[in-house]
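Both complexes shown next keep chain A, but they swap its partner, so chain B is in the first and chain C is in the second.
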Partner chain A sequence: MILSDISKIENKNKDKKAIDVKSHKLNKSKLFIIIMLAWPVAHWLVFTLFMNLQTLVYSFQRLNRFTGKMRFAGTENYMELFEKIINNTASYGIAFRNTFLWLGLNVLVIVPLSLVVAYVLSKKIPFHRFFNAVLFIPNIISIVILTMVWSFAWAPNQGLVNELLTRLGLEHLTRVWLGDPKSALINVFVYCVWAGIGFNNLILSGAIAKIPKEILESAELDGISNWQEFIHIVIPSVWPTICTVTILGATAAFRVFLHPQLLTNGQYGTSTIALKVVEEVLAGGSYGLASAAGITMAVLGYIAVSIIKKFLDKREKEWS
Partner chain B sequence: MASITLKNIYKKYDHDVTAVEDLNLEIKDKEFIVLVGPSGCGKTTTLRMVAGLEEITQGELYIEERKVNDVAPKDRDIAMVFQNYALYPHMTVYDNMAFGLKIRKMSKEEINDRVINAAKILGIEEYLKRKPRALSGGQRQRVAIGRAIVRDPKVFLMDEPLSNLDAKLRNEMRTEILKLHKRLNTTFIYVTHDQTEAMTLGDRIVIMKDGVVHQVDTPQNVYENPSNVFVAGFIGTPQMNFFEAELKCEDDNYFVLFNGHTINLSKEYIEKFKSQNVKSQLITLGVRPECITITDKSQDSYEVNVDVSELMGNEMLIHSRINDNKIIIRSETRYDIKTDHKINISLKWDKIHMFNKETGINLKM
Partner chain C sequence: MKKFTKVLSLTLVAVMLLAGCSGGGKAADGNASNDVAPSVPEDKEVTLKVTFFEAGFGNKWQNWLKTEFEKQYPNVTVELVGDANLTETLTPMIESGVDAPDVYMANGSMWEEWGPQGLVMDLTSLYEEKVPGTDMTLDEYITDVAKDKFYFDLGKENGGVKKYSVPWSAGPMSVVYNVNMFEEHGWEYPKTWEEFEALCEEIKAAGIAPLTYPGKFPNYTRPFIRGWQLQAMGEDKFFGEYKNPTSADIYGDTAVLESFQNFKKLFDKGYIMNGTTALDHTQVQMEFINNKVAMILNGYWLENEMSEAWPEGYRIAMAPVPQGGKVDKPVSFINMPDYMAIYNNTEVPEVAKAFVLFSLSPESCEQFAKLAGGLRPFNYELSDEVSEFTQTCQDVITNENYYQYTDASSNPLMFKSLGNAYLTQISTGEITPEKAAEDFKNEAATEYDRVKTDLGL
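After this line comes the complex of A and B, so read on.
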């Protein structure tokens, strides 16, 4: 009887020790998780949540230039923004239009063009590795250098393009490419296409390379042409990747300001709302108006991206 | 329906790697031919050259009377079933089967008739609206075969189509493929590394190794008269047992010295050797596991130790040794034979194979 009691006590002690070890391990793993999450959570709280909330608050406030304090202004900033857009005051209307043209450019021009380029290069045409590298170069060189080189090439005097046109006897076509409202925006767009294809091409090339070889061979035996292969096999196969680059491109359109600023200083009809935000903050100190513009574009961007995503998801559902 | 002729076909890759070397093969119309061999033997490369997916480095390939070396795959009137099915994942089963026909601009009615008919043959009618990911491996393989059937091609090419299936399904599908061949009555070229598939499916089988064809013959002939040691070892499960021995020729008589025993050969062998003027030489003896019997102790028997005995149900496999040579014996099930038991065995000398020790060539051929 006594012996059995002793063994019971021993067993209890053993169980207690085992629980202690287990809880110690659990505490250690909890501590590890907390340490690993601390920085990203803090970063998100400060630089995402707080800053966005602050922007939202600013959008309903105005800076009193005499006292240097912010005051509640209701929807004044929003009303001023809409007025400026409608009346094209300080080119706000053009900037608004351009932002959506950029959305179209990124989604309807750069992504499809990148896909075509990636497909053509996937066919292992001569120098395909070279072309891949050349297309990606704009992504590893500073945008300041790139825009500078681009500006030199399109410069009115001694620029590569005008020089070439003159030598070809097409002098009448020469112009101040980046200083003429008729050509400046198109020129900035062409720059964006040139600089933007490389990244998408890299991502899409990876996706195309992952299409099983047998599927393409099976299609070849079915008698498919390159065009049919592109439409019926390649696009559906890499659709999830197309969705990703399209969404990335669409969201990027609402943040475009560096390209027009560095190429044309936002002049000659090339400005964007994002650039206007920068200008308002740097030049006028109109934090309220800038914040209202930012919030408005974020809302419009969300709506635009949601519509695009809905279309993309519909296709994905069909093809998955 | 078509005959296929491969004349002196070579396939060489960069850095002088030869995948297929001087391959000559005549495939008759409606024949079911199986290319079999270990990994890297060139069987799939050969099939891909017939399909047009791989360029022929040297030699000529004819489908019927037409030389097709430079003919595009789509114009060769062939259909291929791939090892991993190669179904279009974004299309339904119906569309997968209809796609090739749509590309060829066939009328909708004709396409529908062909797809429904093929689906009936393969028993996949109820899956026509499903996507491949919603199908099991066996069903996907049927769809892949269906996609080939609807094309009504002259030649069916199959590249290890059953290797991704489990053993039970593989057996079922093997029978299905045989039935399909009979039903479609067209030329089949089938690639596999599984000699059981080769033996059961092929009208003739082509055994390859290192890009070279070692034997082309009916399954029975390949099993009973292997052309060399490689074929003898590759075909048959468990594989043939090999021993070193000596063939002696004295006074117009031939006999074999093996493990201290003198074995007189059958008249058939002696006549053959005489006509070919075969001389005394070191040989490799080949004995199939079923040609070894467990007997009582006698002058002609060998006493061996049982290393492992594997009970297979209707038969048993006994792993043992003669001198240092591993030996496998196929016997009827006997529960009294256990590991480490001593047993006496005798070889069926009329069923043995003799190969030249150096060249590995069957002396009987």
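After this line comes the complex of A and C, so read on.
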């Protein structure tokens, strides 16, 4: 009886020790997790949550320039924004339209084109390394320099493009590329395609390189064409990566402002809502209107990206 | 989805409450505590941080100021910070107080917002101080044209006329012409618009483009657009109604339409250099330097901005906008976007004021002209030692034979937009001047009502 009691007590002590060690370990791992998460969480709370909430608050306020006080303005900023878009006041309507054109450009033009380029270069065509490097160069040079060089190339009087067209006897095709509403937006889009392919190409090339060689070799033995290989093997295999670059491109469309600002100063039908936000804040100090524009585009962007994601996920399910 | 909707609704309600409650939070009452006389204490070491927009005017003048101020006050160290992106970086500095300067020199009009909010210091009492090297108070020393911009009438109930900043730089924005080219061809800068058109025809006949401006930045057409509006309205209407409106009707005046029509005429008659609309300021200025165009719409900073590009023996001159309409003299548009202000929470308000006052002396203004090619809207005279171009700039804004004015105003009710979006559309033939004037009028009317509501009028 006494022996069994002693062994019970010993067992209890052992259990307690085990629990102590376990809880000590648990505390240590909790502490580790807390320390590791503290900075990103604090960063998120300050620079994401707080700033976005502050933007939301600003979007319902307007400034009295005589007293320096902000007043609650209800939906006035939103109404002003919608009025400006509908009436195309100060080209707001065009800027709104362009934001969605950029969405189409990023998703429907740049991503597919990048995929084609990545696939072609994966075939190890002559100079493929050179082409990869050339395509990536726009990502490592400052956008200010890139747009300046682009502007010089397309300049109407001493630019390379008009000079080339003249020498080829195609003088009738020369024009004021970046100063004409008929060509300015297309020209800015062409610039975006040129400067945007490199990054996507890098990501997609990596994904294509990871496709098991056995699959590609057996397909080759079956005698499929490059087109069939691209459609039936490459695209389904790298679909998750395509989804990633598509979503990145879609969200970026709602933040585009530097390209039109540097190439045309947003003139000739090339502005975007993001550029209007920058102009409102820097030139006019209209935080309320700028915030309302930012919130509106964030909501529309969320809806657009959700729809795109839904479509991408559906395709992924079909292929998995 | 239901949960998401609930969270979203709750967030929106919370935000609306927050927006409603935090209405008056920004305005500070710090001005009274900083109403000190400019002075420099001799018993302690002081560091004064001066941040400035480092662009067309460079940094030589600021370095001169630092040297001279430190020479006069050996216990003061002036810490200079030049920033080419100050327009973007200044707002977070002033509004958050992080890394905020004691004194800053910037362009724009943000002081109009920051003054009433208590973020920049009320300098009204500084205007009663004697300016070093003169017998005048700052109030007497500043030109009348500049008062339009820097005297901010908040209305009786908000403290009347306040001065939150002092002019840093202000000078002519007008037609700059190539003197050598003009002399070579025997051309003379015209006095009237009829003569101007005749001259443009002569220049065209010589195979040279008469005129250009940075097409990407239609704001450079301001001296012409405002000049035409002033000439069509006459000074009483322009200053009494356009700059200080009592209703938005003035923005539907035929003068606006006339200015847009005149602008279109410049393109229709082929006076504007081909390709202008696609070019930025550097590109058109290079075309001007390379003798491809005889005249350019530009400002007094041009010579300094392109200092490394001018060829040997170049000669350029600033000229007023030709006479026309109801004003019997050629008109000189004075551009005054640059200002100096003091951060309200500076720890050394008296030293900051002393520095600002020190920078206003005629000697300092002379150095600004010599070292930076800049001018200031004060009553001082320049010596002959400054460049020929700077002398012509000074002449344009002081010559009694010209009518000097500015469209700058601190009156929030004035619709200050030049109509840049309309001007680019007119320049490319997208819209007619009539449609532009109609849209301009509607935009101005909507904005006028909004500002009135904001001001509680």
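A few remarks follow.
The criterion applied here is as follows: the second predicted complex is superposed on the first by the 288 of 320 C-alpha atoms of A that agree within 3 Å, B and C clash if a C-alpha of one lies under 4 Å from a C-alpha of the other, contacts with A are read in each partner's own complex, and residues count from 1 in each chain.
Keep this in mind: a residue touches a chain if its C-beta (ideal position, glycine included) is under 8 Å from a C-beta of that chain, and two chains touch if they have at least 3 such contacts.
Just so we're clear, the structure is a prediction, and the values are computed from it rather than from any experiment.
Once chain A of one complex is fitted onto chain A of the other, the partner contacts of A:237 are limited to chain B, with no touch recorded for chain C.
By the document's definition of touching, neither partner reaches A:309: not chain B, not chain C.
By the document's definition of touching, of the two partners only chain B reaches A:214; chain C does not.
Looking at the superposed arrangement, the partner reaching more residues of chain A, out of chain B and chain C, is C. Look at A:157: by the touch rule set out above, it reaches chain C but stays clear of chain B. Judged by the touch definition given at the top, the superposed model places A:83 against chain C, while chain B stays out of reach. The residues of chain A lying in touch with chain B in their complex are 212, 214-215, 217-224, 228, 232-233, 236-237, 239, 318-320.
On chain B, the positions that touch chain A within their shared complex are 51, 53, 73-75, 78-80, 82-84, 86-90, 99-100, 103-104, 131, 147. Those residues of chain A whose C-beta lies close enough to touch chain C in the complex are 53, 56-72, 76, 80, 83, 87, 89-91, 151-152, 154-157, 176-181, 184, 264-265, 267-268, 281-283, 285. Against chain A, the residues of chain C that register as touching in their complex are 11, 15-16, 18-20, 22-28, 87-88, 91, 108-110, 112-113, 115-118, 154-155, 158, 215-218, 273-280, 283, 287, 292, 412, 417, 420-421, 424-425, 428, 430, 439, 442-443, 446, 450-451, 453-456.
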